[in-house]
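Some structures are shown below for you to check.
Below are two complexes that have subunit A in common, paired first with subunit B and then with subunit C.
Moving on, here comes the complex of A and B:
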């Protein structure tokens, strides 16, 4: 068999094993009985509506914010972008439920700023708070994908427009943004699908205001014991989410048929001169950037330094005990090393798998390509708990239960979509000519693909893999059902502290690994070399 | 090519990642062998009741919702007293425990030996499904009657009452509410916080107890709703909200308030005069367990004077009268508990949750 079909078969086998099987197990669980009437009675309709509109709004918001940041940081001459980039990426490193706790410090009723000003500026509980936090925790993903897309836009087109007399905004509006369309679409779909499944934010900010999403509804059925067969019921909600996921991925697919354009990546990127607006833009960007990122970090630090909530913050009361106790806890140390190992392994596997799948679905014409994309993206739409259930059962049948392997498998299943979405846009943009040139020079079809287009997509795959690593290292809901003695993860440790009512130590722990993460990012992230 | 990540660091990170992957690949089989060894030991234990004599170690697995730090202390003491038994713990919230158990049943049999979590209602469900073994050698003499199951399939290990708590910076001790009836006073409008009965099993139980109480009943729940309490997800966030002062008066389990007060938070608990609904965090042995004898020894330790002493030090109310109560807490017999008919309360739970939700809209 020729090399390319062989690879396709191999990829499909992996996808069947790691993606289709666990999802099928969930569907099979749901099919065991008709739970829809019970669910409708319990407010399924409202939850679907709440999930849908917060998801769409937050994905739209994240796409706008993430794109604006990408343009600002990578394409303008605003000052201090290298450091600013680190701050702006920091929400990636804070687990969403910890982010929610941190923002509660600032905008909860009678808390933080609301107390400081003696009047309620903003009550964070409710749909608006949920949407805001979802935007905040997903725009960095958009940034990484759009930044990768921006790099593949040839600057000669922008320069041509410039030469013809177009101003910065005209170039942006008529050249850059239209060319970014595939990347924007990838980013929008990914954040929409991922926000659909987010649990921590609606749990902490939505539930107290009686605002229920599908993910918190799952939790409610799991916890309360008010339904006869919780596993079957939540699997049914999982299937509802699968349908929503299928709808959004299909929409993505339909739109992307018109969005695709083949471009040649040439030369250095253009930096727009902001002119007189340079300093105002820089200042506004820094103020906003610091407000949304340092704000919650300060909130966390405030919490972490106090021994307990309600203790006044003075030099006498603050203590490093929460940090000391976190480090002294053997399970935290174990969870840290497990999470780092799992995150790096998942990043490597997802990076390679996502890169190959991206090549297959964008660069070859084959009937099953859409199905392949769909299958890889779908697990992202499922709350981690449901992926956990699927993998738990799969693990029992394959003998990997209670080992690290089952968690690693679940991570690959849950996070490969991050890499696929990061590579799809740049891959779609590469012209067919380069592969043809390689083939003319005698390369086989697979080699021509890998050595030309494939090689060009490696930076995007790497960005995607970094996203996988930072997401997996703080991940909670996938692993909570799969851990065993010796295979606990960092996210589960933080969550256990939070559940035990120990918010202060949970804050200390999350603050420590946010800082470790920022340092790690600082070492890997370099600003693109760009001439101005 | 222009990179978001510089090429050198790309290489370095890839190398680190690859070696990490290799490390996992190398270390994992070893762990597998260890698991297999443990499983073999476990399998042998059907015949190894004499394990202690021959110096073999039995490993039991406990599924619990106890906070990790607390279960660590218990296990250390247990293993010191029982060197032939090793305890492994899977710790998660009750809902996650239920999910794990259900998924294990779906694909074979339950892997744990001991379940130690939640409330009688949860255990009644497992008992009805035939998942729990009848306890053979668990010593319930000396326990208060609230802890004992008549069918002897599980036994309560702590008394966890739900009480009224308040922030002492904001509310004077003299003004603090003393009874459930006090909470409907309009002066507490917008000041209250309580856990969500639709999410927390214990809170659902409480709602049903209140609804079926002669003095309180539906009227009390409806009037309470007029004070617009904040509904937090569960007990943890509720206690934080009280201590932080966001809502200075709340309804919450008592030990969280003692924990916070010990750590310095300005909070205090009041045992309501009408009585407090409570759960007992029972322990039971799974029918599928191969280590029933070791599992029962573990439960016996939880109930023993030493085990209960630890519970008291960990700010819990014990299930024995002879170990005292945590500092600053009235003695066990002075605390009024609401002891309704368990069957009535369980059957009426769904209706109570619905009533509660409608009242709090």
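Moving on, here comes the complex of A and C:
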């Protein structure tokens, strides 16, 4: 068999084993018995309703906020946008559950600002807190998608409207926003799916107020033993979420194909003059940027510097003990070393797998390429808990349950998409002629592919792999159902410290998470290579 | 139709480079002006400053005597066609053409009639309901032209409007453009990098170089009497050389100064068999050009251009070259 088809068969076997099997097991288990009555009895109706409206509201909010910020930063003459961008995008660098822990310190009942003012300004527990945090942690994704959409609008189209008599706001309304429609749709879909799947935020901010979503319901069934057959029960929820995920991945695929075909990239973009509103808008944006960046950090620092809950914050009482103790905590140390090992291994495997799949689906014409792409992208649209459940079942069958292998497998399944997304665009943009030049110079098909287009995509695959490592090292949702004594991860340890009421150590760890994330962003921004 | 008065116009870019320096230009009503020059010469900067997309750091732009320097583009009542047509993909052909009328507050019934007429004018009658993606490149450019003229603009600006099209479509659209602007009495400013195009369609040509106007002249004058040695090289493929290296009297001397530069245009070079009285030269390249042979010749450590008829010369052939009546430029 020639080399290229052999590689294709190998890739398909890996994808079937790591992606399709665990998800198929979830479906198979759910099909094995009717758990709907049990679920309804356990409050499925409320959970579905809660999930639906927080998801839709937060996705809508994130789309509006993210689009406004994209227009503000990239298309107006507001001042100081380079630094402002870092502040406004900082929630992207903090895992959502860490963000929830941080805002909890500011707006929890009788905490932070509520305590400071002596009266309850806002109680973050409940639907409003969950929605707020979901918006906060998804608008940066909207920004990234919409900013790319804005860059792809040829500036001629807007200038043609100007010269036809349209003022800046009319240009925005009649030309810019209509042309952004595919990007807005895609941003809304992606954030809606991500928010539906989020576990950390509703677990930390919803559960204490008895506000349950589908994700926290799955966790409750798995952890508390309130139902007789938890795996089958959660698989039933999983199937519903799986079909929602498939629908959204397919929709996004169609939208991006439709949108990508006609608009070409251009140089310099039109900037809208804010006129008299320039300074007010700049000030509001800066206040917002500082609030979303410094707010959580200050909340965490406040909590982390106190020795115990309830102690007043004075120069005499503050201490670094929580940092010292959390770093020395043997379970934290174990979680840290496990997370680093898992993240690095996942980065290498995902990097290579994503790179090869990217080459196959963009540079060869073959039946099943679309199916391969969608299968690999599907986990991005699924709650991490469902991937966890799938691997839990798979682990039981293969005897890998209670080992690191099952977590690593779940990570590869969950995160290969990040590499595929990173390599797809540069691969699609590489002209076919570079491979044809290698073929005419005597290279075989596979070698022509690997040595030209493949080699050119290595930097993108590397960026994707770095993203996998950064995501996996602070991940909570995929591993929370898969950990066993000796195989816990860092994210789960922080979550458990918070749930166990050790707020001070949890905050100290969260603060370290947040600061490391923000420093990482500052470094990436300084080296433009990684950014592109 | 309107006149354009450009006075002392200077554009300095944020990075400190000069876009335009002290440009003065008067465009008469109904005149067709072409802006040409090498890339980076400032021709697009000048057009975009007239449109209002670039704010000058000094100087004025006036339309019909009214200073519009601080007027935003949407209030200048101009029409513009872009290189990549810039037809809005999310609107039908009719909606694209109707857009300037809507912005101008024209009532609905009149809008319909004017859209129809503009589409007829550019030969796109019957395409009103079509979507832009179903049109060819040439058709989209016609829609863009209809959109630019529908609102009776003061001035029509063309930014490399034909450059994205292939021949022979480009040639036919060029001819239609000329007859349309003449018939409708449009004042037109056309940016192009195509010398032949500028010479063939413009009433007057503005040659730009390094942000300055090098010459403003009618096509025939520009070709026969370029104002500077650089314009002669750019417009007429002249070979420039120091007067000392070519012992031929110039037919005319333009400008004043110490150094004398000779510009030898292709029609001033006569190619004779080797051994004749003249400058020994060697054929470097031969191109077929509509009945003639267009040659480049190596002689006097430089390259000359010449045109011959009859037998095809071969690359490497030794020949004799005779130069008559070159232009002299003092600087």
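Quick notes on this structure:
Everything below uses one rule, namely that the second predicted complex is superposed on the first by the 331 of 532 C-alpha atoms of A that agree within 3 Å, B and C clash if a C-alpha of one lies under 4 Å from a C-alpha of the other, contacts with A are read in each partner's own complex, and residues count from 1 in each chain.
Keep in mind that, in the parts below, contacts are C-beta pairs under 8 Å (C-beta built on N, C-alpha and C of every residue); 3 or more make two chains touch, one makes a residue touch a chain.
Keep in mind that this is a model prediction, so the values were computed, not measured.
Look at A:250: by the touch rule set out above, it reaches neither subunit B nor subunit C. By the touch criterion defined above, A:34 lies against neither subunit B nor subunit C after alignment on the C-alpha atoms of chain A. Touch criterion not met for A:370: it reaches neither subunit B nor subunit C.
Between subunit B and subunit C, the partner in contact with more residues of subunit A is B.
Contacts of A:82 after superposition on the shared chain: neither subunit B nor subunit C is touched.
In the superposed pair of complexes, A:164 makes contact with subunit C only, with no contact to subunit B. When both complexes are overlaid on chain A, the residue A:154 reaches subunit C alone and has no touch with subunit B. By the touch criterion stated above, A:111 is placed in contact with subunit B alone, subunit C being left untouched. When the two complexes are overlaid on their common chain A, residue A:337 makes contact with neither subunit B nor subunit C. Across the complex, subunit A is touched by residues 51-53, 72-80, 82-84, 86, 88-90, 99-100, 103-104, 133, 144, 147-148, 151, 157 of subunit C.
For subunit A in complex with subunit B, the residues that touch the partner chain are 29, 108-111, 144, 147-148, 151, 203-204, 207-208, 210, 219-220, 222-226, 230-231, 234, 268-269, 307-311, 317, 329, 331, 340-342, 344-345, 347-349, 385, 388-389, 392-393, 396-397, 401-405, 408, 456, 459, 462-463, 465-466, 469, 480-481, 483-486, 496, 498-504, 523-526, 528-530. For subunit B in complex with subunit A, the residues that touch the partner chain are 1-6, 9-10, 13-14, 16-18, 20-21, 23-24, 28, 31-32, 35, 61, 67-69, 88-96, 98-100, 102-104, 106-108, 111, 121-122, 125, 167, 169, 196-201, 204, 230-237, 239-240, 243-247, 256, 259-260, 263-267, 349-350, 353, 360-361. Across the complex, subunit A meets subunit C through its residues 154, 156-157, 159-167, 170, 174-175, 178-179, 181, 262-264, 266.
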